[in-house]
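Here come two complexes built around subunit A, the first alongside subunit B, the second alongside subunit C.
Let's turn to the complex of A and B:
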């Protein structure tokens, strides 16, 4: 997982790993929540590299969504594969996450939200 | 019919080798990417269920995948008595962090059958190849 803080904001771009599955989800959840506790209240989660995700991977997304809401932030998703998108839609998580195909558009949205007067 | 049998173990599970083995087998059998993703996801859910609720080491669990021209079948043989998990009536709540595994399993597979026998639990998943 790669963390890239976005300039002049409390937001980060995070590239999720190839697999978001049960064996690794406690580690991924802890890393993401720790990053949020350090000040990144809004996240752009880039799913481009995610080949497989199961329900525990989805639960990590939900944990992050709930924490961002508590911190008055927001989480958006970028470029899920067709399979991951189908999984997100099957479990209706597209109702809580905005999904972008273009990473720059997602970053623009999150940073504008963080700096409405900029 | 081609089959793949895997005797599961902790390292196969923890190092993500399980789906690499499955992916290789399904690729060799020219399974459509969409069905490959569905089958692998559902196997991960089924094995995850055994890891969470089963009462025996993963080393005693056997996974067999059968592939023929019109269907894919998964047999998961678990020597413990994993509770039978019924089809959820509704999609789990969006804010909930559990319960999606069964929803995925029952919605993506054409058939899901739990069978308790004297030697444990047999879960069979079937997916038609369209």
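Let's turn to the complex of A and C:
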């Protein structure tokens, strides 16, 4: 997992790892929540590299979604694979996450949201 | 200037001195006393062995040559017993051969006579260091063993607790095969851990109606199991009016009751349905749960338009709204309900099992009787996961009778 704080905002771009499954769920959840506690209220989660995700991996996304709501932030997803997208849509989670195909567009959206006056 | 005693610890070390010559015995005993040892004396190896049957010592100081049993012989016997003392052998012979024989017989150290008291003192000092180290190690070993026993007892207790919880959880599941009127229902369940995050039930809610639900809490293990159990309790027909409350409203109720106290992002998908046994009319509502497969007698698989009846999983938005869909079973139609564990499994070489494979298998196995069909699917999923379940797997197959009553048909029209 790689963290890139976005300039002039309380937002970060995070590249998620190859697998988001049960075994690593606690680690992933802790790392993301810790990053949010250190100031990133909104996240752009890049799912390009995620080849496999199970329902427990989804619960990590739900955790950060809930936390960002509490912090008045937002979480958007970038280019999930077909399989991951199918999983997200099957569980109806696309209702709470905006999904972008273009990373730059997602970053523009989140930074503009963070700085409405800029 | 006297030499400072070597054993200054509060508890004096016990020494057994074996020496046949009375004057020597007195002299060495006095030296040992000065060093702070508690000394017991024996005039022969035989007497020493008798005394050792009843007593424990930290160190044995023995002469080499004695009438009867020799020092090395005594040493060999003493060292063969459990938790032997430290042995210091004294001899009038400074020959290297004796040194080797002495140490080989098991002695820890060897001192030729005559010796100056200071030399005996430093040898004793080294001995005390070793004895104290051994004592400390023995104590540590003991407390480690104790901790290990305690934690394995705790583990055992936890495992028993989990087993009992699992039994309670399994008691919520319906019988693997049951009949309601002319309808037949078969189910299979396997959990990845002792406790499962899946729970389902199929039960009569009136003479003509059947209620069913399938809940899958994300993740598995104790926390997911507790959540599943609590959701199942909320849905219990004793607590919910299944006759009057619609499946969508039951889901809304369940969602409003959902608790995630540890903010783990825990959520659950659920499917709730009600079925009229006479007319075959079925009403379904889903909270992010995969919709069932409808397999008709012609061998076609009907998909239920999911945008009509699938809402957010439970536990994400307390105000989430749920919709429902209605359809009619045709005569002989079967409906397969399943949790994501049934198709999400990964094979190391062949990849994901997938929803379409589940569908293909179910269609291909259509000629099988319900029990055989569900066993076939269950077996295929099990094989795909390499013989051990990665996630909880729930399968329920609801089978309509070969003919549904005409009154049911008229009911369908009135409903339409």
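In the analysis below, the second predicted complex is superposed on the first by the 118 of 118 C-alpha atoms of A that agree within 3 Å, B and C clash if a C-alpha of one lies under 4 Å from a C-alpha of the other, contacts with A are read in each partner's own complex, and residues count from 1 in each chain.
By our rule, a residue touches a chain if its C-beta (ideal position, glycine included) is under 8 Å from a C-beta of that chain, and two chains touch if they have at least 3 such contacts.
Note that the structure is predicted; figures quoted are calculated from it, not measured.
When both complexes are superposed on subunit A, subunit B and subunit C occupy overlapping space and clash.
In the superposition on chain A, A:9 makes contact with neither subunit B nor subunit C.
In the superposed model, A:55 lies in contact with both subunit B and subunit C. In the superposed model, A:83 makes contact with both subunit B and subunit C. When both complexes are overlaid on chain A, the residue A:22 reaches subunit B and subunit C alike.
Once the two complexes are overlaid on the shared chain, A:93 sits against subunit B and subunit C alike. Contact with subunit C, but none with subunit B, is seen for A:67 once the two complexes are overlaid on the shared chain.
When both complexes are overlaid on chain A, the residue A:42 reaches neither subunit B nor subunit C.
Common to the subunit B and subunit C contact sets on subunit A are residues 22, 52, 54-56, 58-59, 62-63, 65-66, 83, 87, 90-93, 95-96.
Residues 19, 21-24, 52-56, 58-59, 62-63, 65-66, 81-83, 86-87, 90-93, 95-96 of subunit A are the ones that touch subunit B when the two sit in their complex. Contact residues of subunit A toward subunit C in the complex are 22, 25, 29, 52, 54-56, 58-67, 83, 87, 90-93, 95-96. Residue ranges on subunit B touching subunit A, taken from their complex, read 13-16, 19, 33-34, 37-38, 40-41, 44-45, 48, 51, 91-92, 94-98, 100-101, 103-104, 107-108.
Interface residues of subunit C facing subunit A in the complex, by the touch rule stated above, are 216, 218-220, 263-267, 269, 287-290, 310-313, 315-317, 340, 344, 346, 352, 390-391.
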